[in-house]
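Next up is a structure, given as structure tokens.
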Amino acid sequence: MFSLTVCDHIMVAHSFRGEEFGPAQRVHGATFVVEAEFRAPTLDESNLLVDIGAARVELRRVLDAMDYRNLDEVPEMVGQNTTTEFLCAHIHGLLCDAMRAGKLGEGGRNVTGLKVLLRESPLAWAAFEGPVA
Amino acid sequence: MFSLTVCDHIMVAHSFRGEEFGPAQRVHGATFVVEAEFRAPTLDESNLLVDIGAARVELRRVLDAMDYRNLDEVPEMVGQNTTTEFLCAHIHGLLCDAMRAGKLGEGGRNVTGLKVLLRESPLAWAAFEGPVA
Amino acid sequence: MFSLTVCDHIMVAHSFRGEEFGPAQRVHGATFVVEAEFRAPTLDESNLLVDIGAARVELRRVLDAMDYRNLDEVPEMVGQNTTTEFLCAHIHGLLCDAMRAGKLGEGGRNVTGLKVLLRESPLAWAAFEGPVA
Amino acid sequence: MFSLTVCDHIMVAHSFRGEEFGPAQRVHGATFVVEAEFRAPTLDESNLLVDIGAARVELRRVLDAMDYRNLDEVPEMVGQNTTTEFLCAHIHGLLCDAMRAGKLGEGGRNVTGLKVLLRESPLAWAAFEGPVA
Amino acid sequence: MFSLTVCDHIMVAHSFRGEEFGPAQRVHGATFVVEAEFRAPTLDESNLLVDIGAARVELRRVLDAMDYRNLDEVPEMVGQNTTTEFLCAHIHGLLCDAMRAGKLGEGGRNVTGLKVLLRESPLAWAAFEGPVA
Amino acid sequence: MFSLTVCDHIMVAHSFRGEEFGPAQRVHGATFVVEAEFRAPTLDESNLLVDIGAARVELRRVLDAMDYRNLDEVPEMVGQNTTTEFLCAHIHGLLCDAMRAGKLGEGGRNVTGLKVLLRESPLAWAAFEGPVA
């Protein structure tokens, strides 16, 4: 199995609801380093898994809707605790949508799996992985 | 599949028995950066995989029994070659015990897999992963 | 010249005023990795520059006043653009205060210089360095 | 499942054929950080997955045939686009050959899987993983 | 003294002349991670050392003339050993030119020093620092 | 001013005397990542600050006397608290000796300053810098 990973980052604010979050119930923020790992069993005739330039553009497009924002106010996240885990699955879904829409070109159609990992600090990170339905 | 990883480190001494270890047969030491990756198929209603604070506390509690010690003299390791691989499995077992004992709360009960990775230097690391029995 | 650096991090929200900030005028956030580098020309009789445990405690105490907060609402920062550069100088001042108050013990009295560096992302960081007045 | 990873790097030149590569059609280069992850279900009686010294020597031997070269002129790669993905699979094959030839000793015979990961920049990397046939 | 650092990277080929370079006399390549550290004694009224967006654009513009190229064929480098040390000084000169030309805006006029650091591998890097003449 | 840095690591055991060291009074250990930064105002006619191969060999030779050892038993360190700060100055002295003895070749004679930095964990490091007397 091959994989190709591209990396970007966002700088967002948010707050959490629930006593278990302690001080993170206050509005605070994070730099999330975002790693998107595309998986495919074979390469194309150019020896590429996916067009890395297209992958970067799509990842950036998906992240632009969140970057430099307070996630508490982003319409599709209102009422959600935007934990690192949640954001991984959210970005995963948006990248799968992009692949299904052909935004990653022919190579994107060979992608069978995707893992999205977000680093919230040097000491903690989360990920969501699943098939590209 | 979701995962959440927390990171800590220990500073230990030890020595190895066996010619294949070369100079590492002498008492020497290591800073082990320890990454504990908890895996679960779903999040709880707060969008958490596991309480990250509780995960950190349990990881630290497990590591405290080794930190700033000569592992050659730690009772449950006497007679073992405390290789990086061995320590990964050892810490994996202790964290699984903690989860079974409910130390990671309700979220901990959803954890189906655990990977423990120890970095011994910038150029070498080991891991053990397995189900949370 | 000797130096000793300790490292911690904070997760904060803030916003900037001024067109040059573009999208960063919106409430957003950052994980700031904070590195405090203490400098001294000599070590004490224990071969320490400064008590590393005390240095960590003081850095954490200084950071606790900002961590998990919206800096736009922190009283002593109201009306300031809390840029990475500004935060470096702000933390520098608070750590110098702590040293003058003897919070870093005898070793702290030998410290002649301090550099505070904040990493806002893998691609950008800022620092402020100056004498410990 | 246990894993042990060793890390090295190479500095190579190459060029790509195909419009999708844009400026990378020109002769350019890369520092590839190479991570070889060996997997085995059990450790030997010394608590080792594989002799880490032998693993490093074999990885270096495999990399020496590419290091400080223009891959466009390396005989077994002529006519190939030596993408990061391709190089991962290529190195994977050579390390599997080494294991089958007994170059990693008895421990090497327990290795059931191998993942080779190449980092081409801080923002992009690729990998190939598969069984050790 | 304040500093602000922005980071980018290039992927280049080159070769060296001189026996002391050993295998690096062959055409090979490198990913150079480039860090440009701007220094100034004061911040502007927005609490900025320099417009970070403009700094990134200028660094990228300077790097574009080298990126994805064989430096042996870049006109202004022909006949030079393009060592990491040399490239640091070369990029330093181009960024100083940009600042003198006002490309970094008003903030750029406060910059008194510049350090350019290039990482050629995880194990080696070089830098050139000097005043902004 | 130019600088060139090479990086290596050692894995050592040691213990400290003095109540202020707390649990570090026990025999424990560390992986020290060692960075040696050589400084010179000019490059040689090959555009090199110092022969990087020779620099690596000398750094390794110096570290070999400590690597995989209990520093409490290394003759020239007996009776010393081998703190990270102390080790920086110790290695600095040995590398200066090597340069004075011509071990870094002609380039080594241009080196005017040296900084030795040791990382003991991801959260703490120390350094010693001074002229090459």
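The first chain written gets the first letter, and so on, giving A, B, C, D, E and F; residue counts start at 1 in each chain.
Simple rule for what comes next: a contact is a pair of C-beta atoms (placed from the backbone, for glycine too) under 8 Å apart; a residue touches a chain by one contact, two chains touch by 3 or more.
Treat the numbers as computed from the prediction; the structure is a model and nothing was measured.
Contact with both chain A and chain F is made by B, C. Farthest chain from chain F (centres taken as the mean of C-alpha atoms): A.
Repeated interface: A-C and one of A-D, A-B or B-F share more than half of their contact pairs by residue number, and that pair is B-F. At the interface between chain B and chain F, two copies of one sequence, more than half of the residue numbers in use appear on both sides, so the contact is built from largely the same positions.
When chain centres are set by their Cα atoms, the one at the greatest distance from chain D is C.
Chain B and chain C have Cα centroids separated by 31 Å. Centre-to-centre separation of chain B and chain D, using mean CA positions: 27 Å. Residue positions of chain F touching 2 or more other chains: 122-123. On chain A, the positions that touch chain B within their shared complex are 16-18, 20-22, 80-86, 88-89, 122-130.
Residues of chain F touching chain B in their complex: 9, 11-14, 23-24, 26-33, 67-70, 120-123. For chain B in complex with chain A, the touching residues are 1-8, 43, 46-49, 51-53.
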